[in-house]
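Look for chain A in each of the two complexes below; its partner is chain B in the first and chain C in the second.
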Partner chain A sequence: MKRIGWDHILFRAINLLLIGFLLLPIGIVLLFAFNSAAFIVFPPEGFSLRWFKAFFIHPEFMRAFWLSLRLAATTVIISTVTGTMAAMAIVRGRIPGAKFISALFLSPLMLPAIITGLALFQFYVILDVGRTYTGLLIGHIIVTIPYVIRTTTALLYNFDGSVEEAARNLGAGELATFWYITLPLIRPGVIAGSVFAFIVSFDQFPVSLFLVQPGINTLPIQLFNYLKYSFDPTVAAAATVSIALSVTVVLLLERTIGLQEYVKL
Partner chain B sequence: MGHEESLDITSTKTPSIGPFSSRKRRLIKYYLLLLPALLLFFFFFIIPLAVVALVSLLTGNPVNDPDVALTLKNYAKLFSDIYYLDVLLVTLRIGLYTTLVCLVIGYPLAYQMARMKSKNLRTLMLMAVLSPMLIGIVIRTYAWMTLLSDQGVINSTLKNLGLIKEPLKLMYNEFGICLALVHIFAPFMVLTLTGVIGKIDLRLEEAARNLGASKLRTFIEVTLPLSAPGIMGGSLLVFALAISSYVTPILMGGFTIITLPILIYQQISGVFNFGFAGTLGLILMIVSLAIVFLYHRVMSRVVGGVGV
Partner chain C sequence: MSDVKKKRGREGMSRRSFIQSTGAIGAATLLGGFPTILRAASPTVLRITGWGGLWETVVNTQVYPPFEKEFNCKIEIDQAFPFVPKLLSSSKTKPIYDVFHCNSNEQWIALDAGFVEEKVDPKKVPNINDVYSYAVSDKIVGVSVLTSAIGLGYRTDKVPAAPTSWKDLWDKKYANVRATYIIGTNSLGSCLFMMAGKVFGKGLQDTDAAFKAMEELKPIKQVDFSGTMEKLLLSGEVQIGVIHDSAIWRHPTAPVSWAAPKEGVLALEQVYSVTKGSDKKDLAYAFINYMLSPKIQKIMVEELWYSPSNKKVTLAPEYEKRLFATDEKVKQLIQVDWKWFNANQDPLTIRYNKVFQAR
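Moving on, here comes the complex of A and B:
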């Protein structure tokens, strides 16, 4: 550890290359989003915002972008509320079979999302309701609830409930206890869970693939369909906007609870 | 125990309710908290999955076909047709290659990250490894397409330099699919491995070194065996993710290579064969769940467990 040998340097160099490999696609996307050329050429030709303009005036992209935002926002609200409630019941309720229930709620994480999508689609067809916005929303809620439950239960297990008892003993009502005592204590878990839920919903592909209404696509589906036929940097601009959105969300997270905390969960 | 005591104190405020009914009331309250999520999962997760399993065993669509009967024909079809067996084989092969490469590139990264002294550098490295995960899967695949396609960055650069005449076949084949999948799933491998390597007692390595073992021998005989659960866990995780991915194989394969998830979607969008789609889905589900089960078995042996 005191002396840095050549093997150490070689090892670091390899890792630097590997990190380069991991970061390369982000760099490429940013490069082509701001490049003026209509084709992917290397080296790039010049700086331009024309692809951003192309993205923001493209009616189908815009419709898909707003649908994805609206869907993700609605998903986050419903998943966070129902997920936090369920986490409270699982950890504090001493309900028989709590372990099984918890495993059930986490299982969409283990199951390939394409199967969740397929199952919901078949179910809707058999019920004869077809593909609706609500149906799509339910699919997104099912695949995002596990994140909220996982991060929130982790924090609820961190403290044993004696603080809550103290508040109750001092005469606080149940809602007041939850609002002033429990919620502030589990807030990092709830926030981390809802951030995960947002990102997972906004980038969701397999579930949306089966459940989007014909012609009304979410952004990832719209990008995918566009890529089937065309390859121009509009997609890079759309990607840059998505990346900016994700980074903003994560920076907010870093500001509020710190990245280390979020990774540990 | 403290909890029971407090319940007694609260119940003295409402003397009409004895300890038994107060416990019952408490349970009801928690059941109510659980109810919305439980109902959602029952109606929109458990029942739909049961429907998939059921429909795969029926002769037709129960909605419009009144004389449906039970059958195993969908399963017979899958295992008797060479085309479908080939799809399974391709899917497993892509999963295997992706897993092996992820392991090879994930291990050194995880090792360095687990052993880093500086907390700031560690956070920075963690961010570098995790940041690709923040980008949607379609976009990451697009990035690889811009690099590897026939008119992509690599081919056009080599052409301009006069090194090649015909573009190199970097995508529209299994190589391209695996490369992009490796990039997408490597962070999962790194995270799993870092957790396990970080828990290895450094004194064991020091002891080996003090007893005269070389650095390499210490690594091979001490560190590597102790990180086996991470290697197993990370590999299982990446394999399960790789065999169930859809976007990357279809775009990187240029719609020519068919994997299991692609076949499942084709059965719905192309031929509307619910029964066979269900059969394929069920096979993928069983394989994935078996892998997840193994993953948990392996990771639970690591002290304290490791979450991904």
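Moving on, here comes the complex of A and C:
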């Protein structure tokens, strides 16, 4: 029987501590969300679902929740398609200034998002187009597309081109080769990028802060505005719903396409 | 297979086909989206700023709908704070707001940048004739529609006797269980700083006395905005802290109360001004007049515990007892010179942060 050494136990203990440290804030949010007290207080006074009810019947919260969901879904679709195409163009396209274009696409990751938000806001003001859903969507695409490009290019750079060559030799056209050969091989990168894009968009705060339409807020902005004026556990319930949604997305991906395969990235 | 075809095979798709595909999707996105952007402006929309939470609920259900109906308009509220950078990023001749609502310190920034009108004309806003003098004083840009009083909030179960002086916050027994704010981002913190100059020195602008007092206030928790202070008091994490009265009176069943120190309380005004470049000024004035009407003031008082600016508002005894709504009581309200503070904010903030930075 293999003996477990002290180093192994220490390694596990450190890991457990780190995981505990990362998950503790989430645990506290859950604790407050189910607390029956009229305000956030520790220790909790009892179990209650009243704050979830308050969240689900609050029209502004609900509107913000559905807006965030719709925005994140649309962002994922556009960012994934354009990000994948951009990654292909950058790696395969042999276009002049490919490195510059790559840096340009990835620049939102280098800049503080609040600067991106303010710059876009000023750009829309100069264009005199106001703050609209489309403007907000463009902002979300700009900050999420680097994730898709980064994860997809990582796979494209290590891609065995002879597989595509074989397909073309056997008579497959450009689109057929892309659809049946290239896309399945880069799928881990595309999926990983799209998961990041969803999470970044759904939780996006700094860019949305400047771009949301007056009176039509995304969930993070609605929560922030609410917290500035009111402080009851409704926000904890809203945060719990957000966490549940993120976990559901991850679980669904795991069940449908096997997320573990992409964790290697 | 030719060399060209081999090369294309390795690349999967040609450069031209990529450019065509990308261009097509980009064009589809933009063409599908921009008509929506171009439809954004509407002449009947009154664009204002405002708070979220309970404020949002009250104004959206009880206050704004009758105005929208009467004036056949739509009120569009931007609640995504901060408002000043957005206003200042827009054009002076075409500002993004018609009515600018925020606290007094930010009104002065907007005025100095040339975005808002300094005063509101009583001919266009007749209800101004009925307001207390502080609401249109030389410390106010536009008009203060409602006000709170900044004093000391405390836990009734942990603080045996109600505080009577600002000096009570400096009592060593409250070390680590007292709280104030980061200055620069929060006007309540700046108010305490200036009040310390008055209580321990020669006046609100005695910064040396204020900094000395800040040193003696350590250790103290610092928060970013008043909602956090509210939470700290409600949860019992702090026993005494700087906060406005309305944030405490909103919680009648919680073990918290609010005290007005004998040296005076600081006014936290809800100030409304009209932007210079607004193309709906008449509607903007009508809106401010509406917000100053006794009927609307009464709603805001009873739902949100603000002190009304309009003298003609009649309050129930429970509100009259606590709020600042008589000529005698409003004399306790101290208004700070935000123009002076804003002009000195950067060096004051840097020095303030040095006082409290970890060592």
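Criterion: the second predicted complex is superposed on the first by the 229 of 265 C-alpha atoms of A that agree within 3 Å, B and C clash if a C-alpha of one lies under 4 Å from a C-alpha of the other, contacts with A are read in each partner's own complex, and residues count from 1 in each chain.
In the analysis below, contacts are C-beta pairs under 8 Å (C-beta built on N, C-alpha and C of every residue); 3 or more make two chains touch, one makes a residue touch a chain.
This structure is a prediction, so every number in the text was calculated from the model and none was measured.
A.B. asks: Specify the outcome, clash or fit, for chain B and chain C once both structures are aligned onto chain A.
C.D. replies: Clash.
A.B. asks: Where does A:Ala73 make contact in the superposed view: on chain B (first), on chain C (second), on both, or on neither?
C.D. replies: In the superposition, A:Ala73 touches no partner, neither chain B nor chain C.
A.B. asks: Looking at the overlay, does A:Glu165 come into contact with chain B only (first), chain C only (second), both, or neither?
C.D. replies: So A:Glu165 meets both chain B and chain C here.
A.B. asks: If we overlay the two complexes on their shared chain A, which of chain B and chain C does A:Leu118 touch? Say first, second, both or neither.
C.D. replies: Once the two structures are laid over each other on A, A:Leu118 reaches both partners.
A.B. asks: For A:Pro214 in the superposed arrangement: first (chain B), second (chain C), both or neither?
C.D. replies: second
A.B. asks: Touch check for A:Thr134: first (chain B), second (chain C), both, or neither?
C.D. replies: In the superposition, A:Thr134 contacts chain C only.
A.B. asks: Quick one: classify A:Ala89 as touching chain B (first), chain C (second), both or neither.
C.D. replies: Touch partners of A:Ala89: chain B and chain C.
A.B. asks: Check whether A:Phe178 is in contact with chain B, with chain C, with both or with neither, and answer first, second, both or neither.
C.D. replies: The second partner, chain C, only.
A.B. asks: In the overlay, answer first, second, both or neither for which of chain B and chain C A:Glu60 touches.
C.D. replies: The second partner, chain C, only.
A.B. asks: Under the stated touch criterion, which partner chain does A:Leu251 make contact with: chain B (first), chain C (second), both, or neither?
C.D. replies: In the superposition, A:Leu251 contacts neither chain B nor chain C.
A.B. asks: Under the stated touch criterion, name the partner, chain B or chain C, that contacts more residues in chain A.
C.D. replies: B
A.B. asks: Could you name the one stretch of chain B listed in 24-32, 186-194 or 240-248 that collides with chain C in the superposition?
C.D. replies: The answer is stretch 24-32.
A.B. asks: If you lay the two complexes on top of each other, which residues of chain A touch chain B in one and chain C in the other?
C.D. replies: Looking at chain A, the two contact sets intersect at 39-42, 82, 85-86, 88-89, 92-95, 118, 121-122, 125, 128, 138, 161, 165, 168-169, 174, 209-210, 224, 227-228, 231.
A.B. asks: Show me the residue ranges of chain C that touch chain A in the complex, using the header's touch definition.
C.D. replies: 1, 5-6, 8-15, 17-19, 21-22, 25-26, 29, 33-34, 36-38, 40-41, 47, 51-57, 60, 76-81, 85-86, 89-91, 94, 96, 225-228, 230-231, 234-236, 251, 253-254
A.B. asks: Would you pull the chain A residues touching chain C in the complex into a rising list?
C.D. replies: My answer: residues 38-42, 60, 78, 81-82, 85-86, 88-89, 92-95, 118, 121-122, 124-125, 127-135, 137-138, 161, 164-165, 167-169, 174-175, 177-178, 181-182, 208-210, 212, 214-215, 217, 221-222, 224-231.
A.B. asks: Sort out for me which residues of chain A touch chain B in the complex.
C.D. replies: Listed in rising order, the residues of chain A that touch chain B are 7, 11-12, 14-15, 18-19, 21-26, 28-29, 32, 39-42, 82-83, 85-86, 88-90, 92-95, 101, 104-105, 107-108, 110-116, 118-123, 125-126, 128, 138-139, 141-142, 145, 149-150, 154, 161-162, 165, 168-169, 174, 199, 202-203, 205-206, 209-210, 220, 223-224, 227-228, 231, 235-236, 238-239, 242-243, 246-247, 250, 259-260, 263, 265.
A.B. asks: Can you tell me which positions in chain B touch chain A when the two form their complex?
C.D. replies: 2-3, 6, 9-10, 26-27, 29-31, 33-34, 36-38, 40-41, 44-49, 51-52, 55, 62-63, 105, 108-109, 112, 123, 125-132, 134-147, 149, 151-153, 156-157, 160, 183, 186-187, 215, 240, 244, 246-247, 251, 255, 261, 264-265, 268, 274, 277-278, 281, 284-285, 288-289, 292, 307
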